[in-house]
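Before I ask anything, here is the structure I am working with.
The first chain written gets the first letter, and so on, giving A, B and C; residue counts start at 1 in each chain.
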Amino acid sequence: MAAALRIQNLHAWYGESHVLHGVDLEVREGEVVTLLGRNGAGRTSTLRAVMGLTGTRKGSIQVFGQETIAMPTYRIAPLGIGYCPEERGIFASLSVEENLLLPPRLKGGGAGVGAAMGVDEIYAMFPNLAERRHSPGTRLSGGEQQMLAVGRILRTGARLLLLDEISEGLAPVIVQALGRMIRTLRAKGYTVLMVEQNFRFAAPLADRFYVMEHGRVVEAFAAADLKARMPLLNELLGV
Amino acid sequence: MKRLPTIGYGLLLAGLLAAPFLGAYPIFLMKLLCFALFASAFNLLLGYAGLLSFGHAAFFGGSAYVAGHAMKAWGLPPELGLLAGTAAGALLGWVFGVLAIRRQGIYFSMITLALAQLVYFVAVQIPATGGEDGLQGVPRGVLFGFIDLGRDLNMYYLTVAIAVGAFLLIARAIASPFGQVLKGVRENEPRATSLGYDADRVKLMAFVLSAALAGLAGSLKTLVLGFASLTDVHWLASGQVILMTMIGGVGTLSGPLMGSAVILLLEGKLGQFGQALANLSGWNGFAALGESVTTTMGVLFIFSVLVFRKGIMGLGMKRR
Amino acid sequence: MNLLDIPLPILLSQLLLGLVNGSFYAILSLGLAVIFGLLHVINFAHGALFMLGAVLTWIGLNHFGVPYWAMLLIAPLLVGAFGVVIERTLLRWIYRLDHLYGMLLTLGVTLVLEGVLRAIFGASGLPYSAPEALQGATQLGFMFLPNYRIWVVVASLTVCFATWYLIERTRLGAYLRAGTENPKLVEAFGINVPLMVMLTYAFGVGLAAFAGVLAAPVMQVSPLMGQNLIIVVFAVVVIGGMGSIMGAILTGLGLGVLEGLTKVVYPEASATVVFVVMAIVLLLRPAGLFGKEH
């Protein structure tokens, strides 16, 4: 299976601050991969580096086979990536519907994965959003904003989804719904790289795991090995 | 204080004291000292308080008019005239400060510009300022009842004394606990506030001090040159002092001195330079541009923002 | 008929003049606000670019025989193109710096532009008459309404409303509003934000140039015509705040009208009334009438 995302020896800086020290990881098409690690390990920075949102980057980031390390930020998403930032990034001066429609449709395949979802499909998935479509984006509750953040990248037809802490601060019922959504997306052939603090949420969803510490990947294993690795994870993450 | 700057300042002082005997024109030097003082006062606010005032001409020019009027129309002796001008600067500075400090950053600058424009329009309309003609014929007077300032040499040394004194005052203020608090407010205002300092009050004090000293510079200039005019309150004068400070080096003590010297010399020689270029190239436009202090100032602004932010005296310094 | 001891025709005609000035304030503060929202630069050159629009209009007629109506389109395009040059060669280097540098840099541009044009044209006014179709006045029974002035108000309001609509109600405007809040995230969605920045600056200064064309027959066309105007516009944006498009428009118009009324009641204060209002607003409502603190 081809690699949707291949990161090799990635170094990244925020200004003078060197945050990633040679990250190596790979996400194959159709996989769900979870990045684990303590706060400050560099997980969010990795996602941001892929999107070109950090300062200087060095190394190699290949998205669907295309080298992106030297690309300006706005040329990266059209390769087929959708990014859901940790802070959700809902725009206050836009209505819910404007937020939903903001990220432009990406050129993709026909039906199935990569087909941009219609607005109605999104509203069908998230009825709460339909109700409030003309409210300012930030009037939504945390859970609704999270759904909006995911919904808008699904609308673009992105095949590779980068999800940063989407379960954070949400009610268990909503977290369960998100989990179901990710399983559905996986079944449809989407590729997902998620950063998750909530281990119980992430563990049943992922095919593979990476563990990060101090800006690099220190452990990698498949879902099948999860039980065996629990003691190690307890130590590394305090899970 | 480190050794080198002290030696530098010492040499400068010695040079200033000896200058009239070395053939320098006292009037030009006095004008230079006034603008150096103006720029130093401005730099206190920009470099040390981090506040960019776009309206400092209001203090310089406003006080120029007040001092001139006091000495000419009311017949006050020079020491009281200068005092009146300085006090007027302080008062106006307090009014501006109270209004402008209510907003942060770029709004602060726009407010000072607008308020200064108000002062300009008032100056245009009040008969006492002489309108377009300006306030002319301000007498030098007799200092303390016995020093005749009509003699250029006496006027010169008084100017040196005042300029040096004010400069030392600024240096002292910066090194004092007040200066430290000011620096703290500039670098991280929320933190300074959480430590218990009233940031607005500190900024206001710096503003008033800066305005008072700018007023002193303006009053001194009126005494030296004998007139005050609308040019002194025009926003271009505010722009000029910003440029002097930037070229010289913001936040350095000697920067404003260097910058004002460079700009004044440039302005003086610009006409000749333009004419030379015109003769060389055959395009009379150069002569006209040479007359255009505005264009040169504009180019220097662009240059110093894009390429030369540290300024002359800032070159040798590490990032603060 | 008299109101407050002032004959109604005089009051109304001053009101109209106030609306004319207010229209210029509105267009200019609108452009300034749009540019500041996305670029975080206070475009000091806004007054000079307004002036450039007027000067180009004069040049258009007197050197190339291009009539007023064509200049309404050509001048904004030319100045917009010039704006692209300014943004690409000068502004783009200072975005990561403190906002003050933007104001200083554009001040430099202002001085260069005014200085060069002054060297070419001198400082006195270049006369420009209104196009034939708009000359003269309409008789309304109790007063004359100068046609050209009506046109200025109508054209300005139309442009202001169109801009408001573009920004608040269209997809393109959504890009701009989002970019004002979080430009990096907008870029991460695949939108070419650097291009948007460039076009926004061009649009803002194009608006200023449009106002300049409108101004040519009513103000003295001279290299200095933008100088005092820009400072009043600064006061307008301090009063109105820069967070709201509608706020900028309404504040500009309102202050123009106030200025006009002041001219009738207390003429000596008319040049300064806007600044006095600014001082009052600062004392009572520091964030501005419509402002969101940036």
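Operating definition for what follows: contacts are C-beta pairs under 8 Å (C-beta built on N, C-alpha and C of every residue); 3 or more make two chains touch, one makes a residue touch a chain.
All values reported here derive from a predicted model rather than from experimental measurement.
Trainee: Using the touch definition up top, find the fewest steps from chain A to chain B.
Mentor: The least step count works out to 2.
Trainee: What is the identifier of the chain with the smallest separation between its Cα mean and the overall Cα mean?
Mentor: Measuring from the global C-alpha mean, the nearest chain centre belongs to C.
Trainee: Between B-C and A-C, name the chain pair that shares the greater number of C-beta pairs in contact.
Mentor: B-C
Trainee: Nearest whole angstrom, what separates the Cα centre of chain A from the Cα centre of chain B?
Mentor: Computed from C-alpha means, the inter-chain centre distance equals 56 Å.
Trainee: Provide the C-alpha centroid distance between chain B and chain C, rounded to the nearest whole angstrom.
Mentor: 32
Trainee: How big is the gap, in whole Å, between where the Cα atoms of chain A centre and where those of chain C centre?
Mentor: 44
Trainee: Show me the residue ranges of chain C that touch chain A in the complex, using the header's touch definition.
Mentor: Going through chain C, the ones touching chain A are 171, 174-175, 177-178, 180-182, 184-194.
Trainee: Touching chain C in the complex: which residues of chain B?
Mentor: 52, 54, 99-100, 102-107, 109-111, 113-115, 117-118, 121-122, 125, 235, 239, 242, 246, 285, 288-289, 291-303, 305-306, 309
Trainee: Touching chain B in the complex: which residues of chain C?
Mentor: Against chain B, the touching part of chain C is residues 42, 90, 93-94, 97, 99-101, 103-105, 107-116, 118-120, 228, 231-232, 234-235, 237-238, 268, 271-272, 274-276, 278-279, 282-283, 286, 293-294.
Trainee: Quick one: in the complex, what on chain A touches chain C?
Mentor: 51-53, 72-78, 83, 85, 89, 91-94, 98, 101-104, 106, 156
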